[in-house]
Each structure stands twice: as structure tokens, then as C-alpha cells.
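Structures incoming, each one as C-alpha cells.
Shared chain: chain A. Partners: chain B in the first complex, chain C in the second.
After this line comes the complex of A and B, so read on.
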């Protein structure tokens, strides 16, 4: 048994060496220029082909998945940074909206992916850079969402006189900024008392905090109706179509129903890009280095003069502000929110994204968020639809030795789309056991140090 | 205030029942924490496994028509034992698969694995029940013997269910206490909790002892699951989360790693919750109702962890990096 396992691992290692040597070869060839051109043409071919597939089969999950994979391909292809960015820009800015018009659901998936990318990057700062397990991340998301939901809907009239509410759509942008401040403040407020707790206790306290926030949101419809309780808040103002007049001068017809998804797509895209940029800049700043020092060894970091508590607080605040800003956007996009959207499962989902991609890795968090969201929204739902179709087909399968099975007998309660938790759980468990550093572990700029994962580096001291 | 007085005993009994339930679950958290210094987040699902084993057996007996024929005491004993054994084995399997490979990893790694295991188990139970019964919200069949009330004096009626929960929990707690403190195996568990390396040098099979600890903790959780099902009837794969978190609160309240502490913490928390649920709306004139009892429990957890992480009875909490 042991021996087999060893052999298998060697086999995988061989494969890796083979791929690495191939990539090296390719990289050396790019210097000559021709291989680069070939790769670019291949990439264009792939993108064009998958685009055409989606256009011809607008209902096919597989075609859209192949199209989404083009982004991953762009990331991995050994081309110059500028070429890759250009490709990614074309896919995200030009092609994605076009496909979104063909099938609106794809745009919805893309918006969700963007939201979760931003959330995962926020959690990645806390969990990945500083090594603090925050199980209540969704609380900050909820705070942002309810901030705009309450004031961007008639809800605030319930407890504030004057009838000024809902606020004008333009206030959305003011609240976006405000939510960053409020998120940072609540993050710091929660962090202040809890950050001296040890790792696992901190995790439980943040979980308790999130549950308290959810219980409050759920119950604060009396004595004063702040949140409208489990019934949720609707209708929430959407951001203004300030470019409407501009579009009309170009002679384009305005159709709000068709325009809003595209508008939100670009808003999410911009926000996700801002978050990515900020995270990148932070990672390579003195603050980012201090965070990583705290993660690797708190005592050593303190000895080197790093203000440990202040750094942890900062990480909490930054992560929380990302989440709460995205929350504002989420509330505006959904038009209706209720406490159901902010359960513990959401926190764990975001954690699974960070863990899958690799704690402390920005590309990892992006990949993890994209993969998990697509898995949930497309693959599981697709499987559900397929099962339903099977159920209605009434086909009877004859299996040798096992007898026959009537497909209408598939229990109606068995719906793969509802098994998000199982996916999250499997990701967390399997990643921790087999690959704790994640799919795209952070590159470490150490001089001669080990290139292993941050979490494996230090073993538990007894 | 008449109302407040008249429900007092009822609330007291409810609180004690809830408290013993929490205590039984908290034992699983506290024993594992004592041995491995690790929060077994999936323990709440071990509890749910017990509840589902119980309901499956009862439903099976009911379907075969023998539920009414067998003496209720035997039925209860059978259900409890089955729930304990299956839950204990599930906890052992969990340890083997999800925790043992990570024993030398940094503290957060097994915790994340445990959270994953917890989520996986919730949906796994749902999957099994969906395929098996086409429903994952199951109701315990009612046992006529448990539906009666015992009258103590004029004012107090105690349901037999509550007496059953309290009596079973007391017996099990006593048995556990004797097991840990009076037997050789219990000695081994305590030795491993103190220092696994030295214990191993003394010839104690550490891995087997840890597995056994998981079994015993899981069995207590399974018994709590069966009692929970008998008392509250409706169960679902997700009904472990809140009781689990509260039982963990109880374990921390009493001092984690400390067995009498878990019992004390459970009862304090159960009473607190029952009184908060009944008296909050009376005291605040209806402004805040029973729905805030969970807020109380979680706020208590946060405050204890911040201000007295060693709990009521605990002595040692090692401060070390993540």
C-alpha cells in the first residue's frame, strides 16, 4: 500500500518535471519571437472558437465553461505581461458583455464571480497575509449591504422622520465610500478586543460575532423597525444611469432592464480591479511585509519592532472595508436583501475559495473564487437540471448484475444544486490534507530560503 | 409578576434539560481539546448522526409494527446504545481520515479541516436521507410512554421526556467520570492529555488512546443526539450547528479540557438560555423576545473568550502563536 502510494507520487513528480522542462523550452523560444506569435495566434484561435461555441449554443454550460477557461489559459501562457493584460482586457471588456447579451445568465454568473473575487481577496488579506482565521467575514458584507439597503429604500422612513427616503440613486456612490469607512471601523472595533486571542479562539469569536450580527438583523424589526427582520428590504435603489444621455446622443435606445446587468457587470469589474490593485500594492508594501512577518512568527516580528496588534487591526479593517463596499453593490444589484444571504455558509464559502487558491496568494484567491462560484452556479445547477430531465424521461436502465433501475425513481429531494456545503467541505478537507498551500501558492521572494507554503513552514510546538 | 412566578418551575426544568444536553455535547469538545488542543468543529455533526440513527431505528420499528409491542424501556436502551456506538465510530473515522494526517501541522490547519468535515457531513447526511427517505427533515415517532407528565406537588408538572433526559445524562456523566478517573484506559487518556510524548515513552499507545477519546466523546454526542430527537422531535442535518456552537460555549465557559467544567458550563448556559427565552419579553415589556436567546449565548461566548478564556473551572490555557 505504502509502496504504491510512493510510486504514484513519483509519477506525478515526473509529470511535473516534464511540464516544467517544456515550459522552460517554450520560454527560451519566446526570446526568438516566433513561438510568442504562435502562442498568441493559438490563444486568439481558442478564444474565438469558444466564443463562437457560446454564440451557437447559448444554453450550453460546457461552451461557457470553455470560454471562461480562456482567462486561465491567458494567465498560464508564457507571454509578456503586457500581451496577457491586453488579452484579458479584450475578453473581459469586449467579449464577456456580448456573450452576456446572448444569455443573460452568463452575465449574472460573471457578476457573482466578480463579487466573490473581491470578497475572497478581502478575506485573503486577513487569513492569507496575516494568518488570522476569520470565520465571520460575511458579517462585514452584511453590514455594507444593509447600510445601503436601509437608506436606499423607504425602510429608513420607519425610524427617521421627514420622509427623505429612499435617497436619490446618486447617493449610491457616496454610500460606497461611506461603507469603506464603516466597514473599516467595525472591523477595527471587532478586532480591538479579540486580536489578542489565540488563533482557534479568534476563529470561534469571529464566528460568534457573525451569528450575533445575523441574529440582530433578523430580529431588529421591533421595537424599532430597523431591518424589517426576516422579510428583508425591498426595493433598494440602483445606481443612476448617469451615462444615459451620452448613450442617447449616440442614437442608442435605452432599455433599463437590459442595461442594468451590463452596468452592474462593469461596476463589479471596476471594483474587483480596484481591489486587486490595492491588494497587490499592499502586498508589496512595508505593511504587507509586516503582515507576513506577523504570520510567520509573531514574537520575532514584535522583536523586530513591528507593531503586531496595530498590523492585525489594519488587516481586519482593510478586509472588512472590502467586504462592506462589495455589500453595498450586492444590495443595489439584488434590489431585495434579507438575512438569508449572510449565513455562516457564505463565510465558509469565501474561506473555501481562499484555501482552494492558496492562502496569501492574490492570483490564487481570484482563481479560487472563480472556480468555486462557477462550480456552484453552473456545474451543480447543470447537474440538477440534467437529473430532472432524466427523471422526466422515464428511461429504465438495465445494469448487468444489478438489475434494472427506473430513472423516475430518483428521489425528488436529491438536488445537486443544494449541495454547496458538501463542495465547500470537501474543498476545505481535501486541500488541508493533500495541498495546504493551495493550487497557486504565493511566490515567496526569499533569498535562498525554502519555497514551501507559509503554513507548512512552522510545525506545531508543544 | 404572577405569570413570571407561575412559569418559573417550568422554565427551571427546561433550562436543566437544555443544560444537560449541552453538557453531554460539550464533553466531546472538551475531551478532544484536552487531548489534542484542537476544536473538533465537526462534533456537532457527530451529534446529528446520533439523532438520525435514533430516528431511523424508531421509524424502522414503527414500520415493522413492533414499536408498540416492545417495552419502551428496551426501545430507549436500544436507540441510545445504537446512537452512541454509531456516533462514536463516526467520530473515530473522522479522526482517522481528517485529523490524524494533520496532527503535526500548524494549529489552524486541522481546524479548517474540521470545519470542512462539518460541512461535508451535514450534506452527506442530507444526501443519504434524501436518497433513502426522499426527505431530510425527519420527525421522531412519539412514544406514548414519554408523552405523560409526572406531577410534583400542585404547581409543577414535569414531562417524562425531561426526566428521561436528565436521568440518562446523569448516569452517563457518572459513568464517564468513573471511566476517566478510575480505569487504566482513563489514566492513559489523562496521560496523553498531559504530555503525549512522555505518555508514548511510558508505553501508552498514543494513537489508539486518541482514537478512543474520539470514540467516547462521539458516543456522548450521539447519546445527546438521541435525547435531543426524543425531546424536540424534529431533526434535520443542519440542526447540529447551533446546539454545537452553544455546547462549545459551555465547554469554554466551564474551562475547556475540564470534564466537570463542561457539565457546569452546560447547565449554567442552559439555565441562562431558558430564562432569557422566557423572561426577556416579560422584563422588557415585549420589546425583546425569546428570539434573542441565541444572541445571549453567542455574546456570552465572546465575552468569556475575551475576558476569561480559561473559563470558570479551568486552570491552564497555554498562550502560544497560531
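After this line comes the complex of A and C, so read on.
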């Protein structure tokens, strides 16, 4: 009996090997041959089809989700790097804005995704690369947001004489740069006292830091009104539309209301790309290696000549500067901010994105941020809308044996949007049980060799 | 000139006197061993030499530098590198990356170079990788360069640690039980490897070892610690005959008879 079972398992293994070898074959065939062309055409077909779907059903969440999935498809398709980048550029630069004009909400989703991608990548440096659990990441986001909110609105007149505020919109870009510096400084400042701490202790201190920042922002409306307290700050200047006249010469007439979302979309896109690029560069440099070494074994890293304290500070500073730069953009986009936007749950949310995607993996953090944001903004809301539609339809279902059920009786508590945190928690639990390394765990750098991922958890034994 | 000069190093853990005025003297071109029963303070001395522990007294000089109060990474930069008793490879990094981390102290780079990905940095990184591969070749791990370190076998991980330590271009290499868990032939091979390193890649090796065949076969000089005290020092033959060493290892005969 036992032997048979063993054989069966081997058969399954054989099957797996067979599939893997087939995929490998396929990959080797797709250099620039015909298969590559077929794949490209298929990809174009898919993108075109989903685009058409979104255009025909501008309100359909499903259509937009399918369109968004095209980016994931591009990531997985075995084509050359350049072709993939070209496809991604077309989707992000050309198609996305067009669809955004059709349904403004899509653009809002895309902007949110971009913001959270930058945040998740910043946190990924601290948590994923260096292995320092940071539960207060949102504090740096808040610092960046308030930096521009205070000086880019009349708020600063409350404590600075002269009435220079709000600053001109062009100052937005200066503050973007300034926020990188301020973010790095506050990151290093938080890092300095807590670097001796590890694991749980560090997590608690960072959590405390975030709460301190929130409490300060909430209460610094007296004795001097710095932050306007819980009432928040508004109106915050938006960046200047310096290209308005340029667009007019091309004959494009868009009013500011339609232009600003597009503008913010491209700003976020550029910032996210810069963040991705910087993260990638750091990861594949002596700095990234030193970070990972510190994560794996601090003592051994120090003994190998790595300045552990400096490396940790650098990680804190880089992560914080990403968050605070994107915070400036967030403030400008929202026009109104208050302390409610920077609660502990935000920190947890960003951390969950990093964990879901795969700690220490750049594609993982991007995917995690995208997936969670879309889940929150689209999937759950979409399901809620669908449920509402069902309720209002007044259909009565006849179930055998159970009698009839009037759909209008569906309680409002069933709305999935209200279960956001619960569904989120469930996903995280299932992930930890079935795929603890995340959806896209970090890969070995393959220089001619095969790729694979480490079995996370095993290494934590000692 | 002495490579390493340790005088009267003392270390207390609460009431326990782990090291009690230990002296150690190391010349260039030497393989020296540090032996002693469990808990004698051998690893503590290693930790002090590499800056992981602060000594409570005594002085240490490495070439012309005093090691007092230096942090571990500074000491590594000066040219002392070590392996660990309980293996400490960077598990979720490839073997090659492990060695590259070892080279960190010798790699020159500026942060702006990293951020802008300058061609110069890329070229140097290529060079570094080639050099790291050479170090892997020295210990015979060239075929496993792209394996995750945690997936390597126990003996390979020990060898990887040696390659990683060599990569930091140390003048003094400290090995904490390099042959632990190896069988006789593996231990012999490692001994041959270590002998080949001296003069070529490192000036001197100091090792902690329990395998007496290794110790006696390889060492120019043996230092014996017991209860934090140096009880003997000399050539392997001298140490082997020393009555205090015999006593420390085998215990005092009940009727005053030594084994």
C-alpha cells in the first residue's frame, strides 16, 4: 500500500518536472523567434480587448480589473526586458490616462496605487532589506504632508508674520526636494536612539514615534497654531499647471478640473518610477548587500567590516525620505488634510502590503501595494455596490424547502466594504499559512544560473 | 615584529571571571592554536579581539594599532577577520553575495555613485564579483556560487565562512573551530587548505580547535586556556607534555597518578 502511495507522489513530481522542462523549452525558444511575436500579438490583443471593455463599460469594475491585470501579465510574459518595458510604458503613459478621462475614478485609483507603491517600497527597505520592523512608517508620510500643507496654505500666517503664505504653486517642487531632506533627517533622528533595539522593542518604539507625531499634529493648534489640530488644513496649493499654454498650442483644451487628476497621475507615476529606480540601484549595490547582511546576521555583518549603525541609519533615512516626498504630493492632491489620514492603521496597511508581496522584494512590494489598494478601493466597493443593486432590485428568490427570500431583506451589515479589515486579516492569515514568503519573494540574482527563492522560515530556526 | 600582542586581558560576566589576565603573542607567518576545555574562555577571547565584547582590563595591539574600544567593523578594516563557532553565514543570500559582503570593507564607493549607477561603479562591481568567485574557488565552492547559503551543506557553510573572511583581506585570520562537524578526511583537507593560506592570503592564523590531530599537525604554537587562565604556551610537543595541560584535560588522578 505504502509503496503505491510513494509511486503516486513520484508521478506527481515527474509531472512537475515535465511541466517545468516544457516551460524552460518554451523560454529558450522565445528569444526573438516566432513564438515571441505570437506572445507580443497576444499581449497586444489582451490589452486592446480590456481597453475596449473599459471604454464600453466605463462603470464596470471587472473590466478595469482585467485591464490592470495586463501589467501583471506583462511582468510574467517571457519576453525581452526592453519589449516588456515598452508594453508597460504604453499601458501606463498612453492608455491609462485615456481611460482615466472616461471614468475619473480610475485615475484616482491609479494615483492611490502609485502613492502606496512608493510607501511600500520605502518601508520595504527598512523591513524587507534590513529586517527592522517599523510600525510607525506613516509618521514620515505625515511629516511630508504637513510640511507642504502648512507652507502651501494660509496656515503658516498663523505663526509667521508678513503674510507671505500660501506660497506660490511653483514652490511645490522646492518642497518636494526639501521633504526628501527633512524626511531623511527625521528618519535618521528616529534611528539614532533606537538602533540598539531589536525586533519587538524596535517595533514598539517606532509605533510610539508614529503616535507621538500624530498626537503632536493633533494638538499643535495651541499655544501657537502650527497644524490647526483636528480641524486639518485647507486649502493646500496644488502644483502649477506650467504646461497649460503648451497644451493649447497643440490644440488641446482641457479645463483645470480635468487636467489636475491627469497631472497628479503623471507626477505620481514619475515619483513611483524614481523610487523604484533608486531602490533597485541600492539593492544591487554594496549598500544593498550590506543591508541584507545586517538582516541575516548583525554580528557576522559587523565582524565582516560593515558599519552596522551607519547602514541602519541610511535605511531609515532612505525609507523616510520616500514616504515624506510622497506625503507632499498627497497633501497637494487632497487639498485638505487632517490627522485622521495618518493613523496607526495606515502604517499597518503599508506593512501588510510589503508582507503580502514578499519582504525584501521590489516587484513584491509593488504588487502588494497595487493588490491591496485595488482590493480596498475597487473590489470591496464594487461588491458593495453590487449587493446594493441586488437589494434594490426587489427580486424574491424561491428556495426549495426553505421558502422564499426577499432580497430587499439583505441586511446592510453584509456590505463587503464594511468588512475591509476582516477580509484583509483573513488574506494575511491565509498568506502566512500557505505562502509565508509572500506572493513574489526575492529571487537570487541569476547570472546564467537558474532562479529560485529561499525557503523562508527555515533560516529563522537558529 | 609581533602581529598581535595581547597583555593581561580580563573579562568578567557578573561574578564569573571568563578571562583572567590572558597574554597572547603572535608572529607573522604563524599558525597558532588556542585550546582548552569547554568554557575555558577561548571564544570570549575571540569576541574581545574582534570587538564584540569590551574587555574589563588589559591591552591589545595589532601591528601598530591599539584595539581598545574599536567597533567590530573598524577592527575588520584593520585586518582581523574571523569565522564563528556556530555558523553565521548570511542564509538568504547566495554564496557569492556572502563573499561580496566580506569584501565590503575593501570596496570603495560613494552613495551618489550608487544612486546614479555610474559606469565606474558597475565596472568595479564586475571586478568585485570576479574576485569573490576566486575566493570561492580557493575553498572549492566555485560550483555553488549562486546557491542560497542556507541550502549549502554544513561543511560547505564552514568553508563559505572561511572564504567570506578571506575576502576581507585580513592579515590575521581567526577561525573558531573550523573542523567542527567534519569527518577525518574533510578535516585533513581543510588543514592542507589552511596551511596554503598563510603567507599567500593572510599573514597569520589563530584557531580554536578541539580536534587534537588538527591542532598538533598544523600549529606552530599552541596556547592552552583553562578557566580563563593561560596555563601553557609553546610548541605542540611542549604543550603535550605539560602536566597542567594533562590535568586540565584529563583531570587530576585520584591518587596523584597522571595518565
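Some points to look at:
The rule is short, and it goes like this: the second predicted complex is superposed on the first by the 402 of 462 C-alpha atoms of A that agree within 3 Å, B and C clash if a C-alpha of one lies under 4 Å from a C-alpha of the other, contacts with A are read in each partner's own complex, and residues count from 1 in each chain.
One rule holds for everything that comes next: a residue touches a chain if its C-beta (ideal position, glycine included) is under 8 Å from a C-beta of that chain, and two chains touch if they have at least 3 such contacts.
This is a predicted model, so every value here is computed, not measured.
Residue contacts after overlaying the shared chain place A:302 against chain C, while chain B stays out of touching range.
In the superposed model, A:412 lies in contact with chain B only, and not with chain C. After superposition on the shared chain, chain A has more residues touched by B, the comparison being chain B against chain C. Judged by the touch definition given at the top, the superposed model places A:290 against chain C, while chain B stays out of reach. In the superposed model, A:133 lies in contact with chain B only, and not with chain C. By the touch criterion defined above, A:163 reaches neither chain B nor chain C. Look at A:432: by the touch rule set out above, it reaches chain B but stays clear of chain C. By the touch criterion defined above, A:394 lies against neither chain B nor chain C after alignment on the C-alpha atoms of chain A. In the superposition on chain A, A:281 makes contact with chain C only, while chain B stays out of contact range. Within chain A, the residues touching chain B in one complex and chain C in the other are 295, 297, 299, 455-456, 458-459, 462. For chain A in complex with chain B, the touching residues are 131-133, 135, 193-194, 197-201, 203-205, 207-209, 211-212, 215-216, 218-219, 222-223, 295, 297-299, 344-345, 348, 351-352, 355, 411-415, 418-419, 421-422, 424-430, 432-433, 436, 455-456, 458-462. Residues 38-39, 98, 101-102, 104-113, 115-124, 126-127, 130-131, 134-136, 196-197, 241, 245, 248-249, 252, 287-289, 291-292, 294-295, 298-299, 301-302, 305-306, 309, 319-322 of chain B are the ones that touch chain A when the two sit in their complex. Against chain A, in their complex, chain C makes its touches with residues 50-52, 71-73, 76-77, 81-82, 84, 86, 88-94, 97, 100-102, 104-107, 109, 111, 114-117, 121, 125, 129, 145-146, 148, 150-151, 164-165, 168. Here chain A touches chain C in the complex through residues 278, 281-282, 285-287, 289-290, 292-293, 295-297, 299-308, 314, 360, 442, 444-447, 449, 452, 454-456, 458-459, 462, going by the rule given at the top.
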